[in-house]
Structures are given as structure tokens and as C-alpha cells.
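The two complexes that follow have chain A in common; it is paired with chain B in the first and with chain C in the second.
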Partner chain A sequence: MALPRLSRSFTGLLVETSCLIHQRTFRVSTVAAAIQKLTRVRVVDNSSLGNTPYHRSPRVIHVYTKNGIGKVGDKVLLAIKGQKKKALIIGHKMPGECMTPRFDSNNVVLIEDNGNPTGTRIKVPIPTQLRKMEGDYSKVLAIASSFV
Partner chain B sequence: MRVKIMNVLCRSRKLLSSVVRSSVLVEQTQVLGSCLSKARCYRLCQNLPQHFAASLASCQHRHHGASFSCHFHTKRCYSERNEDRNSASTGVFEEESHEINDTSFLSQSPLETFSLDVLVSLLRQENAVDLCVIKIPEHIKYAEYFIVVSGVSPRHLRAMALYAIKVYKYLKKDGDPNVKIEGKDAEDWMCIDFGKMVVHFMMPETREVYELEKLWTLRGYDEQLRSMPDETLPEDFMFDVETTK
Partner chain C sequence: MRFQHSDSWFLSTSLCRWAPGNDSEPPKFIPPSKPVIIDKTQAVATLRKFLSPEFIPPRQRTNPLKFSMERKDMIRRRKILNVPEFYPGSILAVSMADPNATGKINRFVGICIQRGGKGLGATFVLRNIINQQGVEICYELYNPRIQKIEVLKLEKRLDDNLMYLRDALPEYSTVDPDMKPVPFPPTGEVPLNELKVKMRPKPWSKRWERPKFNIQGIHFDLCLVPKQMEHAQKWAQPWQEYDMLKEYDTSKLEQQILSEVQQEMSK
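Presenting the complex of A and B:
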């Protein structure tokens, strides 16, 4: 019955209600991918700014890439505790390339403007592909305790 | 061996030539140490073109910063016996000045690769403060050696980093990737990743804050790691089942 509708919707998610009386199809755009503006992120280092509780979780307010999408290794600007802070994306929930780890939370490490990490240790596992990527990641890898 | 330091004409860089640990080298340096006059050193130098290729070329590099075809008048070559790379060793210095034909040091011996010995000796030569070399265990697939050095000032750190890059560029073969200095705009912490080795140039204060040596030797038992409170999930964390596509 809804087969022509099904064949038309080749992009996005098709939600079909189980009711037989009427068929409703929702066309939903694909997930924009990884980390973008206003995503809530998890700060994983031991900095005081990232670990003290606040009534709002840290959010991304700007992504420093050509498109507004942040993947592993991209710098973002966070709003934490009412102040702006730069951060580096360590892992995201979106599946990435083959043989790269996918995390259950969007992990981020706070860094200063000169690139030095704000915290001194990272407990969360860090993907090793950071080493091969272009960018200043050796400092973050140096304070990491486990690698994935 | 006698310690003999002659007039220093310009305080530019000198690469320690006995970085390469080989029995042949020890004999050569012993022979070198025993001679006094310039002429004899020069003759010996002529006999060891390959061995001094790197040192000559790098000295030349420092002096002129140009192609290898230029002659230079003063050359200083130092030889140092280092049995243990981590301990302070008594150095035997010898200096000579003469003109060397450039054709002798165009050929590199297979021993002149940018190894840990080369790096450590050049850091020592640059008066690096608190040099620390840590061997990373095999199960951590990061690098083989983790080196932390301090410097007297930010300019000192930058100079050390640039010199290390310069030596690496000279000693690298065609297949080796280029290496860049990470953290150039941060004046108190710079890193260079040489593939097998990672070097961190930090100021002493920064070193105290981060305590990288403790982390990389103690690994899981590090104090700062242990003092971190256990992770609890944030209140708004939702574990979603994948609904994409």
C-alpha cells in the first residue's frame, strides 16, 4: 500500500506507523555528523574548568573547520561556565573511518590559545590516529594514559 | 686521551662525531686524541671521510646554511666517549681548523642515521637541562623513546628544537617523512615527533606542572591519575541506539 511512497524516499529515515488505517511517513534529514554548534560535549581531562559542576553542560559554539562539522582532531570553541574556551575533539559518537574507534560520548580536551592542554591528565582512551593527523596533537598524546 | 680545546672562532654548533657507537670509532678517536698538531688531525680527518661526513656537513650547515659545495676555513670536531647515554660522561674534545674538500663528505655511511644516540648527544651539546629519556614499553604503540628536556629560556628551547630539526633533515633518507615542530606559538612547550622518538622541550615550570616523566614511567600508577575522581556519567547523558540510516 505504501510501497510507492517508500520507494520515493531514498534519503532520510522513513518512519512508518503500524496503524493500518493511515500511513504517515516522516522524512527526516540525515544526521549532520559528528560535532557541530550547540552540541553538548564531555570534557575528559582533569582541568578544574571542565570538572566543576555547572547548571549548563559545556556546549560547542564554534567549530574551526571549513564546514561546521567537527571530527576527531578538530578545534572547537566551547562555552563552559559562562566563559569561552578552546578545545580539541578527541572522539565522537558518529562512526568514522574503518578501523577507527567510535566512542559513546563526544569527548573533548580543553586547550589554551597557544595549544597547551589545560588539564594535566586524560583518563579516557585516546585514538591513536591522532598521531598521524596533521596538527599539534603530541601534547595531548603526551598527557594521555591509555590509547585505543 | 688528552683534553685539548683550541681557540674558538665562532660559537656555532658542533656535532659530536662519536655519537655512533662502534669499536672502530673508539679506535679512531683514540688515535685522534693522541695527536696534537693540526696537520696530523687534518691527515687523519682525510682518512676518515665517511665518519666525519655528518659532523663536517652539519658544522658547515651551521656556518653557512648553504649548499654543501662551499669551503669553510675553520672546522671543529669533537669526539666524546659516552658509554651510557643517560649519565654524564667525561668528554674528550679536540679541535682542528683546516680546509676540507667537500667531495669527501658527500657520501654518508649507513651508521649516520638519526638515531637516539644522535639526538641525545646533540641535546647534550646544546646544554640541555635535565635530559630524560624514557623507553616506552612495547605494549604501548606510541613510540619507542620518550624524551623530555628543559631549557634555560624560551629562546634556548626554540634553538634546540630548530637544531634538532636541522640535524634530522640532514641525516634523513629519502623515504623518511618530514618532521615539524608542534607548538611553535607556545613558548614554554614544544614537541617534535620523530616517529620512533618523541621529544618535548619544556620550561622547568611547565615540566613541574605536567610531570610527564612520572606519567610515562608509572603509567597507570601515576599520582595525578590516581587523584582524579572516578568518572560518573553526566545527568543528561543518553545512550542512544543508533538510528541513522
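Presenting the complex of A and C:
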């Protein structure tokens, strides 16, 4: 008498857990927006800090602009592997002005305080509007392999 | 007498090949006629009756004078820059003048995902994957920075809007930047590519299975269960097909504008 009840409750539990397993999908925000605080970002150069795996992805903690929104060519502060590091935004998912490229991921290049890049090569294509800032980031442009 | 005749006859046939009066001097060299090269890869003006979608004015309460003035400007620009016929799904190469690239021309090759806008603000989006990074550029057709638009492969797909390629496997969006133009005949039907695209696992940027998007070009059987497809049909709006206020018949307008545009272009 007790057994069928137990078996029913067990089956109920199993069904619930299997439902939970199926429902535990990772929700990613679908809205493509410019880079702001707490955006997860993809480091695109070949520096060791950017490419070694960590249990948390690199996130933006501060954007160095008047409003807190970062577009191509803006400096940001990242939190990578428990350290703070400055970086330069190379491309974002948000559509910019016409005739400028829109990338499928928010790309970023690690930078020192004086503007020198940490890595030695950037494989990903870079928008040509970055060439306007020749003076500040000429070294970043020098390590880029292709322009879009 | 016969000998003389035969001699002169023989001499005349041999002399025919050389320029006249050339007994003592060496014969003048007449170069062979130059071969006529018919460049089949060049864009021959399409004999298909094709009107670019941005010429058709939207249904608005504006003065038709505005649209006719815009059309004049569009035709003026088209006389200078040859804008070929293309559809979403064709592979294009666009050369753009870039002030930041030191006077050089920036060339981008990609699949046309979407054609939007009407009039002079007409745009088209090209997508390609370069070095495993997806790049999309939205070009304005009538922007003076555009130097050249080439159609490398003229093709139609099952849908007008291929935005779902962002969530599809990267092989469907990669286009070789050094691709050679595929020759297509100026007459006849545009080839329809009935490719069903395989998608990445969900979540996608939009819920492409919903009837609002009406996408034919995704292979839903591989990624969705029939139960999910039925659940998506909950958002179907079957009454919109019968909504008379949403009807906009453009056939007569199209013919009229097409004849107008062809007249102006031939001037």
C-alpha cells in the first residue's frame, strides 16, 4: 500500500529533476548593445593574460567616457583573472553608423597605462576608423593583421 | 604564249599574298587581324525586367512629387555608378573610398543578408566571416563613397531576410574574399538556391521558428522537436492575410516606374 505511493512520488521527483535538467539552459542577453559596465568581453590579442582560461570571463568594470557607454576606440577597465587591466575596444555587436563594420562579438585589446598593447598580434579584423587615433594607438594599429 | 600565260598566272597568285610592287624589296609585314575579345565576365546590362525595390514608394500620405524628385536623383547617381541587379543571398564585392585608409580603396566581399530602405537611403547589409570573426557592414546604395559594386554570384534564396545566418553555423556565412565572379546569363530566371541552413544550438538572437518571420530556409527538423514547432504556432496571426487595410498592390506602380526609369537611363 505504501509502496505504490512511494513509487508514484519517486516517479514524480524523477520527472521534475529531468525537467529541471532540460530547463537549465544558459540564458544570454539577446539585445546587442554598446559596451558598458559588467559586459562580458572577448580579448582578441595573443597576450597570456587574455588567453589563459579562468572560471569567470573578462568583464568591464569602468568605461572611460563621459557617459558610461563604450564604442570603438574607447578605453575601458577590465577585470581579468582577479586583476584590473585597461583595454581598448576594437569592435562591438551594436550596429554603429552606416558603412562601419559590426562584429559578432565585443572585441577588446589589452593595453598598458601608456597605451602600449600587451599582446604582439591581433588576428581579428579591425575597423579602419581606428586609424584616426594614430598618435595614441599607433602601436595597436601596428600589430593588427587585417583591416575591414 | 601558253607558257607566258601560265607564268603570269603563277606569278600573280604568288604575288597576291604580298603588297603590290615588291619584287626587289622584302615583303611588307601585314599583321593578322586582332582577335575580338568578348569579356563574358563583365556585367552585361540585364535583359531581365528588374526594378530595384527602393524605387517602389511606400504607402504614405506624402506628396508623390517627393518620390519623383528622389527617383530623379537616384537615376542621376545610377548613370555614374553602375548598380547591378542583386537579391538577398547574392555574393557582392563593394569598393568604398575610405578617408582613414590613406586614399586607398577598401574592398569587402560578403553575402547580402538584407535590402532595406526606400529612395536615396536604400541600404544593403553584407555579411562575411574573416579570421573566424563574423563581420557585417551596412552599405548605403547611393552613398558617394561607394566606388564599385560587383556581383560575384547572382542568386536568390528561399527568404528575403537572411538575418538568421547570424545564428547558423559559420560555414554558411563564409565567403572567399578572392572569389572569382561566376558568370550568369543576362536573360532567363535568377537561380534559386533552396539551401536549408543548419543552426547552432539555441538560444538564438531571435525566435526564428515563429510564424512572424516566416522563414523557409532553416532546417528546423535538426534543431527543434515537433512539440516546439507547435508551441511556436501559438504566435501565428492567420487573420493578417485577410486584412484588407494592409493590402498594397504595387504591380501597376511597378510597371509605370520601371518604364520611367528605363526611359531616363537610356537618355
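Heads up, the rule we're going with is that the second predicted complex is superposed on the first by the 112 of 148 C-alpha atoms of A that agree within 3 Å, B and C clash if a C-alpha of one lies under 4 Å from a C-alpha of the other, contacts with A are read in each partner's own complex, and residues count from 1 in each chain.
The working rule: a contact is a pair of C-beta atoms (placed from the backbone, for glycine too) under 8 Å apart; a residue touches a chain by one contact, two chains touch by 3 or more.
These numbers come from a predicted model, not from an experiment.
S.K.: Tell me the contact category for A:116 with respect to chain B and chain C: first, second, both or neither.
M.R.: First partner only, chain B.
S.K.: May I ask you to decide whether A:129 touches chain B, chain C, both, or neither, giving the answer as first, second, both or neither?
M.R.: Only chain C; A:129 stays clear of chain B.
S.K.: Looking at the overlay, does A:139 come into contact with chain B only (first), chain C only (second), both, or neither?
M.R.: It touches chain B, and chain C stays clear.
S.K.: Using the superposition on chain A described above, determine whether A:148 touches chain B (first), chain C (second), both, or neither.
M.R.: Touch partner of A:148: chain C, not chain B.
S.K.: In the overlaid three-chain picture, which partner chain does A:48 touch, first (chain B) or second (chain C), both, or neither?
M.R.: neither
S.K.: Let me test your reading of the model: by the given contact rule, A:104 touches which partner, first (chain B), second (chain C), both or neither?
M.R.: both
S.K.: Where on chain A do chain B and chain C both make contact?
M.R.: Residues common to the chain A contacts of chain C and of chain B are 30, 104-105, 123-124, 128, 131, 145, 147, listed in rising order.
S.K.: Mind pulling up the chain B residues that touch chain A in the complex?
M.R.: 140-142, 146, 182-183, 185-189, 191-193, 198, 200, 206, 209-212, 215-216, 219-220, 222, 224-225, 228-229, 231, 234, 236-237, 239-240, 243-245
S.K.: Can you list the chain C residues touching chain A in their complex?
M.R.: Touching chain A: residues 96, 98, 100-102, 106, 108, 123, 130-140, 143, 145, 166, 202-203, 205-206 of chain C.
S.K.: For the complex, which residues does chain A have touching chain B?
M.R.: Those residues of chain A that touch chain B are 13, 30-31, 40, 42, 46, 51, 57, 93, 104-105, 112, 114-116, 120-121, 123-124, 128, 131, 136-139, 141-143, 145, 147.
S.K.: Please output the residues of chain A touching chain C within their complex, sorted ascending.
M.R.: Going by the criterion above, the answer is residues 25-28, 30, 32, 95, 98-105, 107, 123-125, 128-132, 145-148.
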